[in-house]
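Shared between the two complexes below is chain A, which has chain B as its partner in the first and chain C in the second.
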Partner chain A sequence: MSVAPALQANATLERYRTLFEERFTSGPLLEARRDALDAFLKRGFPTQRDEQWKYTSLRRLEARTFVLGEAAPVSLEPARRPWITHGGGFRLVFVNGHWAPALSSPMAQPPGVTLVTLGEWVKHEPDAVLEYLAQASHRSASALEQLNAAFFEDGLVIRLSPNARVDDPIHVVHVWTSTTRPAMAHPRVLVRAGHHSSCTLIEQYVCCGEPESFTNVVAILDLEEGAQVQHYRLQQESPKAFHIGHIDVCVRRDARYGIHDFSLGATLSRLNIRVRLQEPGAHTDLHGLLPPSGTQHLDTHTLIEHIAPHTTSTENYRGIADGRGRGVFNGKVLVHPGAQKTDAHQSSRNLLLSPTAEFNAKPELEIYADDVKCSHGATIGQLDATALFYLRSRGISEADARVLLIHAFAHAVLASVETPAVREHLEALLAARFGSTQVTS
Partner chain B sequence: MASQPQTDSTLEALIRQKYRHGFVTDIESDTVPPGLDEDIIRLISRKKKEPSFMLEWRLRAFRHWLTMKEPSWAHLRIEPIDYQGISYYSAPKSKADGPKSLDEVDPKLLETYDKLGIPLHERARLAGVAVDAVFDSVSVATTFKERLAKAGVIFCPFSEAVQKHPELVEQYLGTVVPYTDNFFATLNSAVFSDGSFVYVPKGVRCPMELSTYFRINAANTGQFERTLIIADEGSYVSYLEGCTAPMRDENQLHAAVVELIALEGAHIKYSTVQNWYPGDEHGRGGIYNFVTKRGECRGANSRISWTQVETGSAITWKYPSCILRGDNSIGEFYSVAVTNHYQQADTGTKMIHIGRNTRSTIVSKGISAGHGQNSYRGLVKILPSADNARNFTQCDSLLMGDRCGAHTFPYMEVKNPTASVEHEATTSKIGDDQLFYCLSRGLSEEDAINMIVNGFCKAVFNELPMEFAVEAQNLLAVSLEGSVG
Partner chain C sequence: MLRIDNLHVRAGEKEILTGVTLHVAPGEVHAIMGPNGSGKSTLVQVLAGREGYEVTAGSVTYQGRDLLALAPEERAREGVFLAFQYPVEIPGVNNAYLLKAALNAIRKHRGEPEVDAFEFLALVREKMKLMQMDESFLSRGVNEGFSGGEKKRNEILQMAVLEPTLALLDETDSGLDIDALRVVANGVNSLRRPDRAIVMVTHYQRLLDYIEPDKVHVLAGGRIAKTGDKSLALELEKRGYDWIKQEAA
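The block that comes next holds the complex of A and B.
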């Protein structure tokens, strides 16, 4: 019984090896790439026997054959482009995993910021990249992160110099165009925020048409003392797309990191967020919305590590499962020995709107220090019947009342979005998804 | 606080307090050689004069067990267990043909119970408790048989039930925990020595609380009890299980299985106070307590309540669960788990909602002190058929000392949109302000901590039968007093 799947799995993994040999034949990173590939092949795709993947099966992903994405022109006229087009700031667009200078704002460096594409960085400073990869491999050791380390080609490196305050958001767009064959990309986003610097990062994953794609992105952020980063992540990939994301954040003394995760698209999406509060005074806020509908499977795993004393975190995730959608939320708070005076609060609230929808929530606490305040709450339920009744008693139709209540539920996460352009964009997306009513004031 | 150094030394003294119930009764044991193979299983079955269906069931379980691997998912560190180094059967020699009354019971045994303060003699009647005392593996005394018999309640050692009521055993054994269930339950199915059997007939309210004391006595003898409780339509039974064990240096394996079956309208209340030897203050020795407990609300309007106070054992690994199959059935789980020194506990519950309008409540209180590691692991699963299912879970942890750990792993799986599932958890230490308040009112620090801890656990203690509630509070005081740093 076990022989056939094992053979099949091997065949899949061999495809990745062949692909690798075709694409990467020389260059300073070849050795490091090959090590990462071997590490990935040794472990293969995670299976549901792995506790971290208990509710998410990658079999559909594993069964498909992807080629590496190639650069292509985007034919859509500017007004119909699927990303946030107004709001200023710097925009960097990657098409099928490759930097598209024509669509990006000119690489004029704003004061205090160094923006380099990963491709350029590899070309000009291969030694620095190698050193970085060696460091990163300690931090991101999962099989899929190794897969990224083997295949990454492009991405973005953002360096903020100390005390730099960048008011305009830095907007990174990853766009898939319709491809003849299913394609994959393994981009990387690196952020190094010097001490007391601040910026807003908008990461957007969009598509033109309905391409069958596989994105496996790794983002690594380092926040030095007193740095502040607001990170908006809008995942709006095509209904045939597979999206896997890894975010690894290290927060130093008195620095603040906020993530706003809107995983809206893809047939299968999995996001791993790991935030390490490394020094006293570090703080993080996690906000997220998971609205699986149709046959979508949306999964977010978060891990907040309180390593130093006097670190704080809050987490607020909401799920709205409709149709045959399936949502998975796993939020773990890990308090290391000695991390006294930790204050961690987590809340996961989830709505089930249809009889075939499903939600699996697992809020975890793992605590090895005693002088801490940690709490988590999780609920799974339906719209409040009394609230529905109240609205109907005020002459609002049931359909409208439901729409109102769903929007109100999602608003708890949306309210955390401070950048107006992002918020308007999200409001439009959610109105399209859950419907809108005339009643909204 | 000003009195810090002084309190610290009293705390130290209290933390180092040794296990009070540590002693070994010197009784000749009728023990089979260590090791496990089909012959041993045949021997156990023959010694117990079992019908052939039991032997076959045991052998099926054993063959399945050989194909299984020890689970490793729990948040526990376990020394490897040598399953061939364990003796799988041990019975007090003097059982002969079974004592008819207390006078015939080995006086040394009675002495042991006396030291433990078990109400077997007069106290049994006073407390209104029928004790089916399991000494190592064979039951030696059963009281109040007549009163129970009058009501039609069958309450007897498992081995007796196998002989006297084979039809009931064959019908219900393994229907809640099949012999393929998990590594330890399968091992138990193959080698179980004895346990209790309860059958409450239709419409009967059991006239007294049923009670068993399990005790591990002979060294190197794993205990493998099997308890089966069947509550027929409209009946009620409350079952108490309590235990202490003598001091031993080697780890003793304990893998029990408890199956509860509640038919239509029946209510089973199962309470446990577990105080097995937890190992010394360096983590040496102690009992491995790997238990599979599961109840099935098979009929409509049935109800199963688990209440447990876990203060003992080096490692506790148990998840008393409820399968809520009948419509409107109710499952409840109330737990206090204490880990001190190097104790580890991974405990919690599973609530599987299958029937409509099923409800479950989980209240779990974990207390960690010293180097103790305490995990709550729970599953609430709402299947698509469970319309209007409702669950409420609360699990709170109290930390005492900076080297202990408290962990929460709740799983929530919901496949029905009319269901409502809530989980909340908090972790904190005893508040300085609470302590200060109590001290300012003239309480000693010990009393104050005791009071606060007891208040923390009150929601669970309220669910215990009266006698147990008192015992549980004392136990908690013994296990924890002064652990606050």
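The block that comes next holds the complex of A and C.
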């Protein structure tokens, strides 16, 4: 009796094998890909029985059949393209998972940086890629990461030379165009920041039209001693999109990794961020805004591991759930034995704008050292009635007062965005989503 | 200007006001005193349109109109201003932005042209000088991290900019040092005009040395238990409220 559903599930998964056999028939990576595929098929998509997936069901994703994304032209004129187009910097665009040189900056590299697309890297240095994959499989071993390792085709490798300070942001755009059939891509982003190097990375996931897409991206970042990486991640995919992201960061001595996670789009989004503070002095700042609306389901799980003593982290997440939207935030801080003098602060504040909206916010502290300073707080509430009254008592309409307070709430995350082009882009997105006030300022 | 007649107000199961009658004519300054919890804040908040209170009987007319029928923002645009006992901190909403938005909402309602950034700054600078406030307060979040006294000053700054017809001041003097009290009183006095009225809630006779009231009322037992002139405040200072409660009972 209990065999039947398992067989059925396997039949769903078998579609991935068929697709794999069609697409990958030879090449130096075939064996590694096949191992990853087998690992994925053996485990299948995570289910809600898995504690990590308790609030997020992938059944809708699993039921769909996706083809692999194909390169396509982007017909939109420059001014109407959905990504940040001003603000300088170095831009690399991937369309439906494939590098689009015509839309990207010329491959003249900014000094101190080596940028290679994953496709090129595989072509020119397959052995290095194999070695990397073997290493990466220890770090990214979940079923969905294995799925990525089986199917990945393109992506980006960023290497910063020691002491290289890259002022202009490196901007990576993943865009989906309207496709006739639901399509998927499994891109990878690899960053190796040499000692005392620094850069700003902007990652944008956008779309033209409303394609049914499935993105399953893996990003692996290594920050050597004293390196600084500021990462802005804007997920603005189509309302019919499924977006799964994995970020794995290793932070060495005195290095700093900061991320702003703006998970705005997709019908279902799940981001896993894992930061390992590997050596003394390592620091990380995690900021995030999750505003599910309509029937969106937006989920971010973060895991900060304090492995070495004298490591510090701060985390500031905000959720704004509207309509029938559902948000999930799970922030785990794990302090390893011996990681004395750890300093970890986490705050998760969430706003419910409608009676049918939901938010599950859960901080988790697991501490195996005794001399540490850790704090966390999670709140869920509605717009502050007293603040609303205060604004209205000054002549501001109720609608405008609500908009002002919602923006003020989101501002706590936006305020720490240091790249003006990113902040302006986000302000426009949030104005479109929550409305802008009628009052002239 | 303001006619409150037999006003009964309830919050949940609690009867807070049980028949307040109070008439304020243009040009007048009224002080409302009374024990803690007697309903002074409730009265002024109900006048400003705070939700969560149920008016079970009585009426309030303002300039001949039914005040209770108006939304809070409509009352503000009609010239009612409440200086809060506990001004609200709103991080992320810029202080200057709120001031300008409020001013323009009121001007628009009056059919006046909105002020531009230049005119606004000139006006605010002048009023900030009057309130002896540093301009750095403009760029901060509304009341965000302001000290108790700074919050009160900010309320009066807003009032000075918006120039209300009916100003309701709820314990604006509480928590002010002696110099600040003089500054705030100056701000209030500069607003006095024959066509405007001021109702101020206070616990201290001292404020009335600076802002001369036409009438002093005592709110106790849910209604105006006694009305007098400035000397009533002096008497209260000496004798407390018990005798009024007994008189009223």
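Just so we're on the same page, the second predicted complex is superposed on the first by the 432 of 441 C-alpha atoms of A that agree within 3 Å, B and C clash if a C-alpha of one lies under 4 Å from a C-alpha of the other, contacts with A are read in each partner's own complex, and residues count from 1 in each chain.
Operating definition for what follows: contacts are C-beta pairs under 8 Å (C-beta built on N, C-alpha and C of every residue); 3 or more make two chains touch, one makes a residue touch a chain.
Note that the structure is a prediction, hence the values are computed from the model and not measured.
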Which of chain B and chain C A:Ala79 touches, first, second, both or neither: neither
Per-residue touch tally on chain A - higher for chain B or for chain C: B
Contacts of A:Thr386 with chain B and chain C, given as first, second, both or neither: second
Contacts of A:Ala102 with chain B and chain C, given as first, second, both or neither: neither
Which superposed partner A:Lys373 touches (first chain B, second chain C, both, neither): first
First (chain B), second (chain C), both or neither touched by A:Ala11: neither
Touching partner for A:Ala432 - first (chain B), second (chain C), both, neither: neither
List of chain C residues in touch with chain A within their complex: 48-52, 71-73, 75-77, 81-82, 84, 87-88, 90-93, 97-98, 100-102, 104-106, 109, 114, 141-142, 158, 162
In the complex with chain A, residue positions of chain B that touch it: 73, 75, 382, 384, 397, 399-429, 485
Residues of chain A defined as touching chain B within the complex: 51, 55, 337-338, 340, 350, 352-382
Chain C-facing residues of chain A, complex: 384-387, 389-398, 400-401, 404-405, 407-412, 415, 437, 439-441
